[in-house]
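Given below, in the form of structure tokens, are the structures.
Both of the next two complexes hold chain A, though its partner changes from chain B to chain C.
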Partner chain A sequence: MPETLKRFEEALEHRPGELVEARQNGKKVVGVFCCYTPLEIIHSLGLIPLKLGWGGDDELAEQGIEYITNIQCPYVRQTIGVFKEGKNPYAVNTDVITISAVCLQEYRMVEVLRYYFGKETLTLSVPKNYYLPEGKEFFEKEVEGFTAELEKIAGRKLDPDLLRASVDLYADIRNNTAEIYDYLALDYSPITWKQVITVIHAGFYLSPEKHLSLLKELNSELKTIQMSEKVRPINSVRLMISGSIIAPGNTKIIDVLEELGVTVVADDICSGQRTFAGFTVKEPTLAGLAEAYLDRIPCAAQLYPDQKTDKRLENIFRQIKDHRADGVLYHTLRFCDPYTFRVQENKELLDAKDIPFLQLHTDYGANDIGQLHTRIQAQMEIIKRRKKEVHHARSQKAV
Partner chain B sequence: MPDHKKQYKDKVLTKAYEDFVNENKEYLEKARNIFLKEKGLTFRDGTYLSPEYIWDWIFVKDAPEKYPNIFIGFQGYDLESPSVVKFIYLYYSFYDRLIAASDNGVLIVNRKETIPDMFYALGSIPIRGGAGAALRHQSLSVVPDNFEACGAGSAWAWKDNRIPFGAQVVPTGVHCYDTPNNALAVHRAGKVDIPIFYLDNPIGSGDAEWAIDYRVKTLRRAAEEIAKLNGATVDDERLRREIIIGNKVRKAVWRIYEVQAESDQPPFTAHEFETIIHAGHNWAGEPEAFQEVLEGIAVEAKERQSHKVHGTVNHKNPVRIFVGGACTHFRPLIGHTSGAVPVGVEWFLVPSHGSLNEEGDPFRALVEGLPLKSLTVPLEEHADWIVDRIKESRAEGFIYGYKWGCNFASSAALVISDVVKKKTGIPTLIMETDFIAKQANESGGGLTRVEAFIEILKQNKRLKGGVPEKRHIKKPNYNSAHVVVE
Partner chain C sequence: MGQKSEGTFYFAGVDIGSNSAKSVILKDEQIIGQAIVPTKADVEKSGKAALFAALESAGISAEDLSYTVATGYGRISASYADEVITEITCHAKGAHYFFPNATAIIDIGGQDSKAIKLDHHGNVADFVMNDKCAAGTGKFLEVIARALEVSIDDLSLKTLAGDFACPINSTCAIFAESEVISLLASGEKEANIVKGLHYAVAKRVSTLFSRIGSKDGEKVFTGGVAKNAGLRSALEEVLGTTLLVSLVDPQLNGAVGAAILARTNKLEELEYEHA
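The block that comes next holds the complex of A and B.
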């Protein structure tokens, strides 16, 4: 394990205390749900952005049912459960909750938090017709309106120079994260996918300055490790994970994969690769940010009619190629409609390219771990056999 | 065209028709004599249907053979009300007329929670998602059983080419999650090779000027695309004229609600009331005829009251229930012998609450009208709208219903019920339901829960005594000068 990862852990241990102190000094903490909110704006206004949302704890998800029904996805239920429990330092230390309204359930969750927990909330509306000129124009105006509300909370106006600095800072974070993520494409990666995700999730809570410095440190260390030795031989099966959010705390599937010795080499999860990929701010202004955020690799909840030019699908296929994934594990949370509705399409498209596809539809409970284990294992056997057959066929051809 | 005989062969529902006719011979004869003295229906294209034709379609020729299951619950209709009989024809013949129109080249548009005016102005016929009012009742929806999404998304109905849709126009917003996704899935998979347009109502965008502008542009773009498909042109003047007709329809629907809500003894049974106001979503393919029929129903219902004839089989002094939520039908559960009656149903009433501006930009008028506006409002505002209706209709109980798999309507259930409890003090019940056929025929658990709830309301009523005190019913703003019913 890279040594720097311990430094991430240490930084995270200190973070709740820092937030308490900052709030005592008059700073406001802005909790952010979903990934279309320009964090740069929050940061440049002197507010503290925290990305919220949790997974993996069935008990907390059960607690959420007190405020919302059991046919919501477990991520939404657990997040409400976290606020109900009132122990999570990030939930407790959030002054204002913002939501970029893409996932309707998550939007409703924020409404529930407002009604039952008295949280101040702010919505950034996101157009579904994001690819049309009028959609882009709307979002630009929406970002301006959202910024005006944030200015009220911050008690100051947006400073273009500070915004530029924040844009540069977050761009640096994305670039450094991408560099780390790219190691996963190697035969012998010095860092695992789970560790990369941990590093990304650390950025949900740490100050961006701290996060960047740790990312840089980690990058330097990884270069050293790669140069000096082959740390961990790659397993024979390389998988890409796609589908629903895998929120901080949700290690259910990756734990099973690790147990089975499967290597995850890529993902297209909104809390993973899509936090940094396919993202360029062309100019450090509100308009530039609106354009960049709207144009990012979209969530499946964004409705894009043309399959052939869908950036989400392009991203999946590009990564399968670049990271040489042997198959795709498509993870869907129960009642997560946007991703569940895409299952059949993803399966058909991957089947057409002869790429093995396995859908795992699950929640945070432990009762299906055995089934997941068996299904993943069976899929691995299929992939291994295929690889052997391909290898054999190639050898024969060569002979 | 689908083979109805084949579809219904294994359902053995012809018995519903036979039972109804055999058990109500005298009543039917009396109703027939009343009805045949009436004038018939005139359609937009000038076609006139005589009362004899209408009666025979329902009771002799077409419906008994093609749609025998519509006779389940027929006891809930007042067949001595001629307008109700005409309504029955309009409602249940919609599918046949739709197929005929499509054969004649008329574009059939699957729309979800948009309002019909624009589609009629473009010469097309709109059907609300969920396969349309009568169509659903005739069990034409195709529902995937193993999906965690609500299966009412009408994309599944056309998967088997049961409805000849030529385009789908799907609004996004805070009401439905599954239809837009369902429609997209089918579209992208190439299962149905027809264009799809999203009428975007970004959630939380409210009344901001830029949000209204965006929604107007989106709507106009969809209209232009539909016009191209239909060989029509987008004509603002024609749309304004259609809005005027639409306002009359909306007012007529609302009048039905007012009659039910303001009466100490509500005249409509659950079956009648829900079916009639539900049809306000589509206008049965014939706006003018539909408006005329609804206005007639309101007038005849008033007569029923003045003659002390109330909803055909209602109890005296029934408990009054307001139904909230989305896409749920409680008519099978609030039966005509249950001692309860619905005095309002949220999702049927929203599209008819208030009129649209008849002047200026008609697209802006459509966007600013409640039906589309309601797709963007915050939850508490939504709850307050229900509270206002509950107070004015003197409801003594509130049922919030949603379909299994509809995680969006369900996610509002607790908040809305809590707001209702807090602001009205009446008992509330949250019901998760399944499709109507299952609801009507198989949902013993659901029936038990509703019956128990009604018993609680009756108990409350006994303790309080009498009919709840009359309340002023807020008149929505209907600005058309042409509305007849007052």
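The block that comes next holds the complex of A and C.
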């Protein structure tokens, strides 16, 4: 395990205390849901951005049923449960909640937090026709209006120079994260996918300055780690994870994968790779940020008018190739319709390229662990056999 | 050890399901022993009990075995096995053993149902399993048999006396049970209810089947529920195809596949050692 990961842990231990102190000194904390909100704006106004949302705890998800029903998204249920319980230091220390409205269930969750928990909320509307000039124009105006609201909360006006600095800072974070993530493409990565995700999630809470310095430290350390060859590549199973959000705390699937010895080599999760990938801010202005955020690899809740220009699919295929994934594990969270609707489409597209596809439909309960085991293991058996056949055919040719 | 006489090898497959543990002994490629015992709370013991009963029926002892493969949900506690393989892969091999031209399998067991697509060598090309509930599984039929106060064997026979399939709306074991009770109370003929239940399961399972997209070729029906002729004919009707069921108890299919894989993998290992 890279030593620097301990430094991330330590920084996270101190973070709640820092937030309490900052708030005592008059600083405001802005909780952010979904990934279309430009964090740069929040940061440049002297506000503290936190990315919120939690998963993996069935008991907390149960608590959310008091406000919505049990046939709704467990991530949304749990996040409501976290606010209800009132123990999570990040939820407790949030002054204002913002949401970029893409997923309907998550949007409704923010309404619940306003109605029942009296939280001040701010909505950034995201157009469905994001690919049209009208959609882009709409979003630019939305970002302007959103910024005006944030200025009121911050008690100051946006400073173009400070915004430029924030844009550079976040770009640096994305680049450093991408550099760490790229190690997963190797046969023997010095860092695991689970660790990469932990590092990304640390950035949900840490100050961006602290996060960046730790990312840089980790990057220098990773360069020095020499990996010994443990498992021959032919016997390893390399999978890419795609699909619904895997929010902080939700380790259900990755734990099963690790137990079974699967190497996760890539993902396209909104709480993983999509936090930093496919993203360039061309100019450090509100318009530039609006353009970059709207143009990011879209959530499945967005419309894709044309399969050929669908950036989400393109991202999946590119990663399968670059990270040499043997197959795709498509995780759909129960009641997460946007991703569940697309299962068959994704399966057929991957089938056509002979890439094994396995859907895992699950929630935060533990009662289907055995079934997950069987499914993943059966998929591994398929992949291992295919790899062996390919290897065999190659060595026959060589003879 | 591992070989009774020069050149003769014995292999075992053990399939520990939620309802029963099955075991099959192979002498080379020939089935020479088999057993089905109920799965009890101690999964490890249940698997062993099946294995020893099968060994006894084959007239050999555990020391004669060259290789043992365990499968089924109880495979995680099978210290007696040399290797553990999922029931998906085992069912594929089992069905291929009986029907070399098989292209797809429907397996309905005690607590899950699955559809498996095969390639020409009996390898798994794709598979789909039911959700975590018992709808459309052996458990469902058990619950219904209990509500009707008949044995699971009689459930199959009862369909024959039915003149139409009474529509059953629920495949949830809990809801279907109360639906059955209210149908009985309203005077519906028992045989028609049973026929309706079989159609409800058949429809449920057919959606699994449609998801693997297997159109041509022979389809095989395996698992304990494949012994239910009423369900089999309902499934054939819903799917619009004939379903093959092996003459050897279809409940043993997973164990047969496990034994076949025990043989293949052991021979491969020996080949590798010699090479």
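To be clear about the criterion, the second predicted complex is superposed on the first by the 388 of 399 C-alpha atoms of A that agree within 3 Å, B and C clash if a C-alpha of one lies under 4 Å from a C-alpha of the other, contacts with A are read in each partner's own complex, and residues count from 1 in each chain.
As a working rule, a contact is a pair of C-beta atoms (placed from the backbone, for glycine too) under 8 Å apart; a residue touches a chain by one contact, two chains touch by 3 or more.
Predicted, not measured: the structure shown is a model, and the values here were computed from it.
Once chain A of one complex is fitted onto chain A of the other, the partner contacts of A:Asn367 are limited to chain C, with no touch recorded for chain B. Residue by residue along chain A, chain B and chain C are tallied for touches, and B comes out ahead.
In the superposition on chain A, A:Arg375 contacts chain C only, with no contact to chain B.
Of the two partner chains, chain B is the only one that A:Phe138 touches; chain C does not reach it.
By the touch criterion stated above, A:Arg385 is placed in contact with chain C alone, chain B being left untouched. Of the two partner chains, neither chain B nor chain C is touched by A:Arg156.
In the superposition on chain A, no contact is made by A:Lys223 with either chain B or chain C.
On the chain A side of its complex with chain C, the touching residues are 351, 361, 367-368, 370-371, 373-375, 377-378, 381-382, 385.
Residues of chain C that touch chain A in their complex: 73, 76, 85-89, 112, 123-127, 129, 131-132. Against chain A, the residues of chain B that register as touching in their complex are 147-149, 172, 174, 177-178, 180-182, 184-185, 187-189, 196, 198, 200, 202-205, 208, 210-211, 213-214, 217-218, 221, 378-380, 404-408, 410-415, 418, 430, 432. The touching residues of chain A, when paired with chain B in their complex, are 67-69, 71-73, 76, 99, 101, 104-105, 107-109, 111-112, 115-116, 123-129, 132, 134-135, 137-138, 141-142, 145, 303-307, 334-335, 337-338, 340-342, 344-345, 348.
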